[in-house]
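Each in structure tokens, the structures are laid out below.
The two complexes that follow have chain A in common; it is paired with chain B in the first and with chain C in the second.
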Partner chain A sequence: MSVSHDINTLRELKDGKLSFEKLHGLISGFKDADRFDKMVQIWQESVEWDDPILLPLAEHLFVVRKPDGRRVVKSTWGYEYCDVQENWKLHAKVFVRDSEELINEIYPDKLGCDPEWMQLREYYDPLSGALLEVEVVPPGYPIVHDFKPDIDTFYRDWLGRPVP
Partner chain B sequence: MLNKVQAVDSRIENIGWEGKTLRQMLKESDDIFDRTGHYQGLKDLKIRTGQPILYEKIFSHLRGGLVNARSTALNISASPIVKEIGELSFALYTPEGESVALSTGIIVHVHTMADAIKYMIRNNYEQNPGIAPGHVFCNNNSMIGDVHTADVHTLIPIFWENELIGWAGGVTHEIDVGGIQPGSMCYGHADRYGDGLLVSAELVGTNDLFHEDYLQRCRDNVRAEMYWVLDEKTRLTGCQLVREQVYRTIEEVGLDTYKAFIREAVEEGRRTLIGKVKQMGFPGEYEAPTFIDLPWKNDETVHPLARKDTMMHAPLRMKITGDGHLGLSFDGANQWDYHSFNCAPSPMQGAMWVQLTQTLWNSDKINDGAYYATSIELPKGSWCNPDYDKVSTTLTWFFLIPSFTGFVRSLARSYFARGYLEEISASYPCTWNLLQGGGINHFGQPSAFTNFEISCQGTGAAYVKDGEATCAAMWNPEGDMGEVETWEHLEPLLYLGRGRKANTSGAGKYRGGCGAESLRMLFKTESQILFSAGEGHVFSSAGVFGGYPGNSGYRHNVHNSNMKELAANKAPYPTLDGDPENSAISAMVKGDEVFDLNQMTGPHPFGEYDLYASVQRGGPGLGDPLERDPASVAADVNGGELLERFAKPIYGVVLTKGADGRLQADVAATQAERTAMRKRRLERAVDTKDFIARERERVLEGHIHAPVRAMYKSSMKLSPRWAAHFRNFWSLADDFSF
Partner chain C sequence: MNQFIMSMDAGGTMTDTFFVDDTGRFVVGKAQTTPADESIGFGRSVEDALAQWGQAPEAVFPKVATGIYSGTSMLNRLLERKGRRLGVIVTAGMEDYFQLERGIQTYLGYSYQDRLKVSTHRHNQPLVPRERMKGVRGRIDLFGTEAIPLYEHEAEAAVAELLDMDVEGIVVNLLFSYVNGAHENAVKEAALKVMQRKGKSVPIYLSSELYPVMQDFARLNTVTIEAYAAEPSRGQFQKIADRAKNFGGQFELRVMASHGGTISTEARELARTLISGPIGGMVGARYLGAELGIGNIVCSDIGGTSFDLGLITGGEFTTKTQPDMARFVLKLPLVDIDSVGAGTGSYVRLDPISKRIEFGPDSAGSRIGMCFEQGGVDTPTLSDCNIILGNLNPNNFLGGEVILNKERSYQAIKERIADPLGLDPYDAAEGVLQLFENHLRNEVYARVFGKGYSPEDYTLFSYGGGGPMHVAGYTKGLNFADVLVPAWAAGFSAFGCACADFEYRLDRTVNVATASPDLAPAAFEQGFDLLSGAVNAGWEGLRAKVKDEFAKSGVEAGQIEYRHCLRVQYVGQLNDVEIELPFQAIRSVDDIREIIERFEAAYSKEFSRSAKSPELGYLVTNVLVRGVVKVMKPALPNFPLHGPEPTADALKEIRPIYRNGKWHDARIFDMDELLPGNVITGPAVIEASSTTFMVPPGAEARLDQHLIFHLRHLED
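Up next, the complex of A and B:
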């Protein structure tokens, strides 16, 4: 069944302003095949830079195409991290909660973790200070590469068109 | 009705289709799938495309029969776990053991029962002990196909004339399994020999009746014998109801159509999942590890071999390929050990399957077709695929539940990329504290219990809304925590209170659903053995996109308390623990207090009037907390879900008291505070490369807590790939090890 949603409905969805009834309809109904293109359009409207978005990677992070063809991870505020194949976290700012005092800023004592067993790594956008990911891992754990997208396969095989 | 033509079982030789054995049928089924990539080689779904109304009608008949079987049969049970919480489900299988359709309920077991059926086929049960009309099989052996001993399967063959046309299966969770300690999932022992009554795909009934010697063995070997035996009857009745519905369906549509339908249903299931992956997933690789602590170094109640601090490593990776295949890998998981949290491959498959039913494939038509569209890599020798088959597995869930939280977060990243924001969840929290125990109860009887309040945890934040409070479990989407009065009838522990627990929600732009806590007091019993289970030193789930994990747990008990005096004097007493930094228990009760992060304990003795706090979990959060609507933060504080002192450090929200006495957000002051906080974040953060250089030194010098170090060592030993990953990341020598 072919389904398509009005772009304003999707804007409201992104902004958390959709009514419960409409949200329920979106969840329980058939999925709209044109969602990807519409959401890319919405995300593109939401940023102040012009590099075309190839893929929304995570909240406030996008894969964009640079004029020279490079695919780069870029934030809402315009910070350019790295090539999409790399882990953007390696180019971010990080703050590690590795003491009881720092953990207890977020969790009451006994509801958080023990810093000997686990630490919270908070990755910030270097331009805005926005918190992009919180990693909870034991000390010494390699930084986690959350998502390495296969953009070529997606466009070529699933959308049936070349990567823009 | 055992069989439509009442075949005489002794004359039945080959019971498969067209004179084949079941083993032949299963082998042919596997071979043809390997050859063609289609279940039973079906390229065309003739009924589904040619007679779609008939196809859907048959499915509805069968599905309706399964749901009806569950709703009817559960009334036979006396166990609150089954009757109130709904820890049972039924499913219909092909002759080779693929699920075709299932009921509602604890559907994680639909695939584990499939494994048990295939075990019987592969081990030639047709010859010995025989598979005939009216036979009743039972299984609770996870190495064969189950999660753990507490989940007991009943499986019956369904015959039409002389042919086996399928199987009906039912599962319930038992209150006690006769383990070395009371409770359905006791632990603290070293290996399988403490796990309790093990029934390994056994013929336990003929002519639709249980063998009396089998029932007597059950009565003799479990503590809550009435519950066990009634649950046996519950499952058998449900299976018989399913069988009747299959007969009614065949009478209506004919045998050939029925046979063709069950083949098509599984192949449709396979195609549907691939279609869903392509529709909502994004090709690529995902990484989402999780961990859990086992702080048993100083716990004298556990076996000497288990008495050490250890940590579980679940290095989940998900891969979606261009052909729509979804694969999970746990390569890098550390070794199994002498505790009860080891996990056989069957429950790992089941856990993946049940997560699919709540994420990508949330329709009632899910079946074992999903098994053919996915894969899961479980390294041999690890905790999720032990190479010693006598490991204990009574509480497999303790490792299994956290290990799949990353699956849901990885799918969330897929949904975000595709734009399906409404489907995004920050994942689920784990389902504990798990209270179990037993002893001489308040009726003077030896008994055991397992409290299933764990069915109701807070859910993860969604992309567009907060998580829901105290309502769900990853293993059963229909959460119900049960009535307090029912638990008090079963357990010699009064509820002093049950309510929501502040600061259990993971913070974020949208926060996780709130968790709950209960405060229990032993009453009318001289002593009980009690367990508590859950993570205490780590977070066993995580948030996403800047959201924080929900709470970790703790242990707060009071032995030799003065509660009897407080009651006699009609003095105030605590109903909950509340804010652990200002604990109501500590403030109001005197006694020998145990208050620490060792939430995971072996079987500890408690006496009358002792207190036991049971803290559940809140869901993980999503997004930067500084983006949360300030009014929602004020509402959380007013609603008791967030302690006032955390509104500013977590959310940057400045609260003031309104005319009505309620707190409200000062929007201008909040905006200024948030701007300052973003600046402060960058001031105290470092470039990640600098953190890596610093942390590398720590790794090189081995300044890492012993159980964490041991976890790394074990993972590197079991997986050369993970060892190379670890060494490469930290730029270590090729021969580096801990």
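Up next, the complex of A and C:
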């Protein structure tokens, strides 16, 4: 017996509109086998471009298949960053908070870190200006590559089909 | 037929009324609950009940001696957050109480799996929003001495602000007010002054007056719920009382309370009537046990959604003092009942990964299962299993009011359970039921054995709509002294409410310690004045309060039977034990020795003899007074005995039932046609309109003169 949720329920889940009672049921219940496909469908409906989504990568970021077969990281607003094997952060707008003054804008008084020891790196979507990710690292630390998905294996071994 | 007892239970969907006369004859009436004005549903339910006797309410009500209410309206008001608009004054610094809560409140009532899954934990919506929580500086320390005087101008300002916010009541809950209520009283005085100045008046609820017990947060919850949900219920009670009066009733309506007694609708502490449902059965079992001379009872109640278990030992049940209800920890006495989230309507599912069968925790409730097409349920339940195995008669549910579809049950179990497991549907359904009964049996065993008792010394009572169906399964192999199933099992909770005494149970925290008389004789002698002074004053104050409460119902002091209790623990330990004392004041050191002796006896029973720790000394945490007024109780039916063989009229049919992997021809009896003295040998099924009693192969059931079945496993 496999569990499956109504697509409208999942749509409400994505939009944060599910009542807590329903959400609780979802969290506590058995996993639904078709969640991935339904969520991809919901995400696809929510964006204005047509490139098929292969995998949601992070908030507002997706791996999409271009007509020529390339797998590209693309934002909700349509900005195409790079090939999925590359780090998309290298193609985003970056703002580094590395002085007391800049850190204090976020963490006033003594709540912030010492810029000699720690800095905040903010990554923005070039098209919309939305903040996508923040890194808190020591100065000089290489840019973190959060997630390097093995899409072929995921489709083959987990979903049981080749990548579309 | 001279006198009647009436009890009612206004549940979430149905209002039941139960009438019993002084020969033990009874009727149960049902009608839809009318939440806006419960008295309408009550009236209809009464008419439905009495019509079965061919009587009009006006003919019966003048002869009703006792009327008892239990219901869920107060609980619903709390759950739906539809209580009164309150303001709360706390010690400054504690204003975020309802936002922070205690961590436990974010997962109360959850399954064990969900308790572990932090993402399911969630804060409650506060009963009082943050802007109506006001802090006032001042401090009483734990000994009751004033450490910082109360800032009265802050109290006045807080009251003025709350009045401007149009509150309908003000709750005052300051730290350590249970030891010394002076600051709370000062807040009250300040409030009265401000109210007079502003020409506004709202009731004030002081924790030191209502619930003078330790544990600040639970006390705040309790006082707030008293003001929020309990107080508005008085109007609802009045409407029901008025309706009863219109029918010619002369009695005072009383309410079933969580400590197992009934109290007046005018009682000061009404919040303790918040839950009363499962308690009725325990009270009924205690009464029945007393009548039959059975002191040790395991009470088991299976309803559609849960399995409730409670123990009566030596004729008394134990009481929890910090129960939780509706996701609140409270300081109220509550009859100790454990609830397991599995009933006859519980859903049966197969874990898609592990292929393990799981019950509940959710259930179809009144929608029964897949067999009830109109219910719109799409997951099979335990009832579906019972239907396909022939245990339940699809044409006899609620006396045939609801016709169930056996084919749908079969299909659901085949597709959802049997096929994925590669089993025959009947074997699968039987397996599910066996698993369910094993689960219940383990729970029963754990409750009895875990307390250090042995099933051989206990008699098990089984009731509730689903109890008789599974009782043979969950008692098999446990060797109970006897297993009793009252013929009125389905209405047992209502019956139980009618068995409750008129009883107030008040308590107060004192926290005084004494040393052991043997290990530290000098310290023991020295501590006498302190201990006896605190306990005696506590008892005396509570006796006076109990007397006042009874006076509201016109009960004279002479009729009240007082019982004096203490809660005692070893100094430094966490669990106190309740003991009853044979005196109403401590007069000599021998009385204190008596306290210690009784405490240690109770302690070693509950924990272990070897855990006794007299070197720690003894702490009396709470003093309690129970005031009991005996009231008329339902008579036990008593009929002449007949022979063991049932009459031909009692046999309804022969029906195949599936058990132990094969079909048996079971005799199906009509419960109403069986005569006292009859013995039914399994395989047999005894059907009544509201319950079905299964007597499996290898068991027999004897109906006694009181209309109680005694189930015996012949193979054990």
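Methods note: the second predicted complex is superposed on the first by the 163 of 164 C-alpha atoms of A that agree within 3 Å, B and C clash if a C-alpha of one lies under 4 Å from a C-alpha of the other, contacts with A are read in each partner's own complex, and residues count from 1 in each chain.
Rule of thumb we're sticking to: a residue touches a chain if its C-beta (ideal position, glycine included) is under 8 Å from a C-beta of that chain, and two chains touch if they have at least 3 such contacts.
As the structure is a prediction and not an experimental result, all values here were calculated from the model.
Colleague: With the two structures overlaid on chain A, would chain B and chain C clash, or do they fit side by side?
Modeller: Once both complexes are aligned on chain A, chain B and chain C fit side by side.
Colleague: After lining up the shared chain so the two structures overlap, which partner does A:154 touch, if you call chain B first and chain C second: first, second, both or neither?
Modeller: After superposition on chain A, A:154 lies in contact with chain B alone.
Colleague: Counting residues of chain A in contact, which comes out ahead: chain B or chain C?
Modeller: The larger set of chain A residues in touch belongs to B.
Colleague: Now for A:3: first (chain B), second (chain C), both, or neither, which partner does it touch?
Modeller: A:3 sits against chain C, while chain B stays out of touch.
Colleague: Using the touch definition from the top, say if A:123 reaches chain B (first), chain C (second), both or neither.
Modeller: first
Colleague: Which partner does A:27 reach: the first (chain B), the second (chain C), both, or neither?
Modeller: both
Colleague: Here's one for you: vertex at chain A, rays to chain B and chain C, all C-alpha centres; what's the angle to the nearest 10 degrees?
Modeller: So the angle at the centre of chain A is 50 degrees.
Colleague: Between chain B and chain C, what is the shortest CA distance in the superposition, whole Å?
Modeller: Here the least C-alpha separation of chain B and chain C stands at 5 Å.
Colleague: If I apply the document's touch criterion, which positions on chain A are contacted by chain B in one structure and by chain C in the other?
Modeller: Residues common to the chain A contacts of chain C and of chain B are 27, 31, 33, listed in rising order.
Colleague: Where on chain A does chain C make contact in their complex?
Modeller: Touching chain C: residues 1-3, 20, 24-25, 27-28, 30-31, 33 of chain A.
Colleague: Would you pull the chain B residues touching chain A in the complex into a rising list?
Modeller: 278-280, 282-289, 291, 293, 311, 321-322, 410, 413, 416-423, 463-465, 503-504, 507, 510, 536-539, 542-549, 551-552, 554, 556, 579-581, 595, 597, 622-627, 643, 646, 649-650, 677-679, 681-682, 684-689, 691-692, 695, 698-699, 704-705, 707-709, 711-712, 725-726, 729-730
Colleague: Would you tell me which residues of chain C are touching chain A in their complex?
Modeller: 111, 113-114, 117, 119-120, 122, 349-353, 362, 415-417, 420
Colleague: Provide the residue numbers of chain A that touch chain B in the complex, in ascending order.
Modeller: So the residues of chain A touching chain B come out as 10, 13-14, 16, 18, 23, 26-27, 31, 33, 35-36, 38-40, 55-60, 89-96, 105-114, 116-118, 120-124, 126, 128-150, 153-154, 157-158.
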